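For reference, the structures are reproduced in the following blocks.
Both of the next two complexes hold chain A, though its partner changes from chain B to chain C.
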Partner chain A sequence: MDGAPTTLLDISGLSVEFSGGGRTARVLNDVALTVAANETLGIVGESGCGKSMTALAILRLVPSPPGRITGGRIVFGGEDLLQAPEQRLRDVRGHRIGMIFQEPMTSLNPVLTIGDQLSETLIKHLKLDARAARARSIELLKAVGIPAPERRVDEYPHQLSGGMRQRVMIAMAIGCEPQLLIADEPTTALDVTVQAQIFELLRELRARSGMGLILITHDMGVIAEMTDRVAVMYGGRVVEEAPTADILSAPAHPYTRGLIACVPDLDAEEDSGADLLEIAGMVPSVWDLPKGCPFADRCAEAMPRCVAEMPPTSVLSAGHRVACWLQEGTGP
Partner chain B sequence: MALFLYMARRLFYAAILVIGVLVLSFLLIRLAPGDPVDTLAGQMGGMTEEIRASLRSEYGLDKPTLAQLGIYLERFASGNLGYSYFFNLPVLSLILQRLPATLLLVLTALVVAVLSGTTLGVLASRRPNGLLSQAITVVSVIGYSAPVFWTGMLLIILFASVLPILPVSGMTAAAVSGGWLLDSLDVAHHLVLPAMSLAVVYLAQYSRLTRASMLDVLGSDYVRTARAKGLEERKVFFKHAFRNAVLPIITVVGLQFGNLLAGAIVVETVFNWPGLGRLAFDSVLRRDYPTLLGLLFFSSLLVIVANQLVDVCYRLADPRIKAS
Partner chain C sequence: MSAPLVSVRDLAVHFARPHFSPLKPRETVRAVDGVSFDVAKGTTLGIVGESGSGKTTVARGLLRLVPVTSGRIVLGGTDITALGGEEMRQMRRHMQYIFQDPYSSLNPRVRAGTIVRSPLDVLGIGTPAEREARVAELFAAVGLRPESQHLFPHQFSGGQRQRINIARALAPAPDLLVCDEPVSALDVAIRAQILNLLQQLKRRLGITYLFISHDMAVVKHVADEVAVMYLGQIVERAPRTAFFARPLHPYSVALMSAVPTVRGGRERAARRIRLTGDPPSPIDPPPGCRFAARCPVAEPACRQTMPELREMASGQWVRCHRVEVVGGTIRRPLD
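Right after this comes the complex of A and B.
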């Protein structure tokens, strides 16, 4: 799209609907994203904005029923994953695209050993035998910084701390050396110090392997520190997308500006007694999305047009897109 | 060592439990109207007061209830369960003679109920709104609501007059003795109906429970993880989901073992199955106190053993239990 070296993943027009009780909710609406090899794309937004659903949709893991992918293309390695047969998709999952989830406490199976859960991916995708898979599992545990991996490999998830379990999840996701790693709020459930360690590990792994990384978070601080490009999501849409430096220095969408303003500034000398900023109002329910811009009712700069019509996407500069009436026609 | 201590503690509690069961049963039985001597007199077509009094003193029934309890417990401690008033045989040999028949019936019903119940439940959970799932729900509700004796009688009608291919009474055909193979086949043939009517209630419960438990587990994070790893759906179902979904089923099976024994009383009576259940039923009618108490003792023993087995199964199935 913007001449990225090797586009790994190209999502366009992705729409997901949930239906229940005779009603239909558009959870994702015309989502477009790209990720290149060796690049970290951040997806940021509040709970319910569709960022986790986007991640699940990439591997076609949207819970169904009630969910359904209703349109779009997800091109990975020259192949549209939405058209691929289930069998083909199972070769991609865990092999060429790895995924880490938010809740390390519940994402590992409580009745299977760590080694078993690591090995099964290696046996399935790399066709290793049981002994080789076990040896490789121990290597992987070592690679993600788990002490005494020879012992840990035979333990069960409940014997590990949350941070350790997330390391196991990461080991599992990178076991087959995927081209793309999707990390859905990998540190939300963890202590701050452990958070830093996990991010350090992810950065290191990415640098070493050259894989693409999608990092989903609600934390602008993490975005600033970890990502090359950012997509800001709101109400099931990508409202702004740009290189991280551009977003931080010149956010174009009022919602993005709000998110950045909400990050508490620890260095601020004056106004130290000021309250934390917040964006007034609530995320609109996916069951009841407005006709126009989903952010209109919380936006301080909203105009009558914002409520009536969905804004088109404007390109502000190379790789900087925004969907807002304020920016219409301001591009280069 | 920890395990040994654990087992020792469990045994100690089990012993207290058994004594509690005996004392309570003893007192409860005495609360029921009528006594063995009256019943005997009724069966013999009347009896003089002197004979009644001498029988009562022979059985020790003329002593105060608590004194009788003391005598019973004292004998029980030395391994003597007393004599049956009716059969004039030691209660212990009477029970041991009939125990295999009941165990065969109850265990067959249990195995059938657990295996087919969980299988149906898993199948139903694959398509929670599918035709099979709905059919299982309907059949389960019927199986669950129908009383065992009624199911049993319907089966008798069906297989005695409409489609006479299965024996509806007893455990063996009178004339058969053609080596152990033929004898076993004959018993198995007789076993079908009683085991089916006993199993159907539990089968219904287990299939519903398995379906609910599977649906719960299938929505969990670790099942999503398993799918995200690219595992085949079969593996996701059986290796990742089923092993977790089976835990509540183990619990319920253990809890219901007592109910299963109670159900056996009805089924054995309906199908004339020569086991402990029918002996219990008859002993109540005959006011055969020693036999009844012996049966209650054995039933509580069976339930305790079943619970211990469940405990072991649970420890095997869930690694988290060992830690706590």
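Right after this comes the complex of A and C.
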């Protein structure tokens, strides 16, 4: 992904606040990310670190109230989505940017057939008539590997397995051939053999259409297999970002190192059952973020400075940046 | 190997489906269909498989939490298959269960200390003073602060709640602890804390575990022996090292290859054995090998006769027609 690929999405300075009970929580803080065409960006971190919120903010779907996008720019196709009128966003959502949500069980409407739900976006965005939309729905179901699509198109979500429902979600998300697809933990609820099928499908789609893909996950194995670049999020910030190969071979942030080391390694020659590396404690509450580095209280290498001051972002090498006092000034 | 703590033979758990039409025959879900295994004292048997393979039902059947259709369950020399009433209740102090979801398995209206004490109260173990002391000891053992006994479940994080679950299961000093996906609902960074705690308890107290997980890497980390389930049956059972070095059943191989790993990355994905479709329904399982419909190396014979679980090498059992021993070495169909 070197050279100058077309930047599809350019997020800078994105901040989101939630308020309630007279208090304010910064759930996203100065987030900057880019995605190029034909590139997969992974976003990794624990729950509550801002991964899904970033995805929602891109489509301006942050629940409001209590949430509010307080600053930043989200430039997609040369246009700042944060400044665009609501009417304009309707053309972007589900059309130029597709989204796959985590829960295939709850993201489909149980009282409408698969075909109805697929056709809706096609009729709305591509101005197809009902007959053409149905034909296209069947094509889409076939494209995502659902057997007997002519029959499935008239079935209801409860008649499909979890893996099939997730395929329907994908079919819906790619129906209008989006330039960017956001997949928020698309396989977390699925078995690994089905996950492998879904990943295969996403790789094929990307290769065929050249779309950009944002893949949100908590699994470093998935990051290694699927992504070109990774952003590690913690406490509503991007704490490290780098090409995938760099981050896996030389993770710079202690949190990134922890995420890689805290899971058992299936590739290990022999697992002695010795204690795994623990990341002590838990993710800080967004209502109670410290003024220094958000990871400081869980970090084994924390220094007094980490608690007192937010670390600046340093650039370690081309495309590898990290926000950690340990790395300050070590870059080129 | 000394006498096993747990011995299960031909366990079957079938459920009758709700009857909708008097014209159609009543359907039976064969959730567990002829499962046998032993677990030696102080060791961990890991059961892996996909959702719907019957892992949880094996655990529930073993603890007699669901009616057992047939088979025999022996715990510490006592046949518990047909025990009833008070006798069964007293056996329960020897076998406890850790549930998957730390959110729904704790009563939100009961304080943590009371939750942990409840098995002692129910089973009538110790005097009130002894119970108090035991609860304090358990809180320390699982790494919870003593003063947190007075808090309610919602005041704890997911990882802490799982510690309460573990403390409650440990309360009657059981010999067998059944852990049903104990870390699946937890955040990745918290999983290590709970896995380490379970491993420490095993070393310190000599507890025997039945550890159910869909996560191959977790099973590799905790188990001494591994059983792979598919559609209600064990398709492979082997010691940990032998299994992970060279799984024999095509399903085990495919399942392992499907796991994305940090080191494997894209190359691993490219070498992956692709399985198509979903597992068939346990309502009307196919007559032959249950994996045949998805198996990349199935032959016509596989669809007709059900393979037996055969011992291919010491302790390595496999249910596949196509695995064979040729000249002293085991040949796998996917080699």
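Here is the rule we go by: the second predicted complex is superposed on the first by the 323 of 332 C-alpha atoms of A that agree within 3 Å, B and C clash if a C-alpha of one lies under 4 Å from a C-alpha of the other, contacts with A are read in each partner's own complex, and residues count from 1 in each chain.
What we mean here is this: a residue touches a chain if its C-beta (ideal position, glycine included) is under 8 Å from a C-beta of that chain, and two chains touch if they have at least 3 such contacts.
Just so it is clear, the model here is predicted, and its values are computed rather than measured.
If chain A is used to align the two complexes, do chain B and chain C fit next to each other or clash?
fit
With both structures placed on chain A, which of the two partners, chain B or chain C, ends up touching more residues of chain A?
C
In the overlay, answer first, second, both or neither for which of chain B and chain C A:Asp219 touches.
second
Going by the contact rule set out at the top, does A:Met99 touch chain B (first), chain C (second), both, or neither?
first
Which of the two partners, first being chain B and second being chain C, lies in contact with A:Lys124: first, second, both, or neither?
first
Return first, second, both or neither, reflecting whether A:Pro110 touches chain B, chain C, both chains, or no partner chain.
After superposition on chain A, A:Pro110 lies in contact with chain B alone.
On the A-aligned overlay, A:Pro264 touches which partner chain: chain B = first, chain C = second, or both, or neither?
second
Pick one for A:Glu46: touches chain B only (first), chain C only (second), both, or neither.
second
Which value, in Å, gives the least CA distance between chain B and chain C in the superposed three-chain arrangement?
Superposed on chain A, the two chains' closest C-alpha atoms are separated by 6 Å.
Considering each complex separately, which residues of chain A are in contact with chain B in the first and with chain C in the second?
After superposing on chain A, no chain A residue contacts both chain B and chain C.
Using the touch definition up top, name the residues of chain A that touch chain C in the complex.
Going through chain A, the ones touching chain C are 46-47, 147, 161-164, 191-197, 199-200, 218-226, 244, 248, 258-260, 262-268, 270-271, 273, 275-280, 282-283.
For chain A, which residues are in contact with chain B within the complex?
Residue positions touching the partner: 59, 61, 63, 89-95, 99, 101, 103, 106-113, 120-121, 124-125, 156, 158-159, 169, 172.
Residue numbers of chain B touching chain A in their complex, please.
Chain B reaches chain A through residues 219-222, 224-232, 235, 239-240, 243-244, 317-320, 323.
Spell out the part of chain C that touches chain A in their complex, as residue ranges.
Of all residues in chain C, those touching chain A are 50-51, 157, 159, 187-193, 195-196, 199-200, 214, 216-218, 220-222, 240-241, 244, 254-256, 258-266, 268-269, 272, 274-278.
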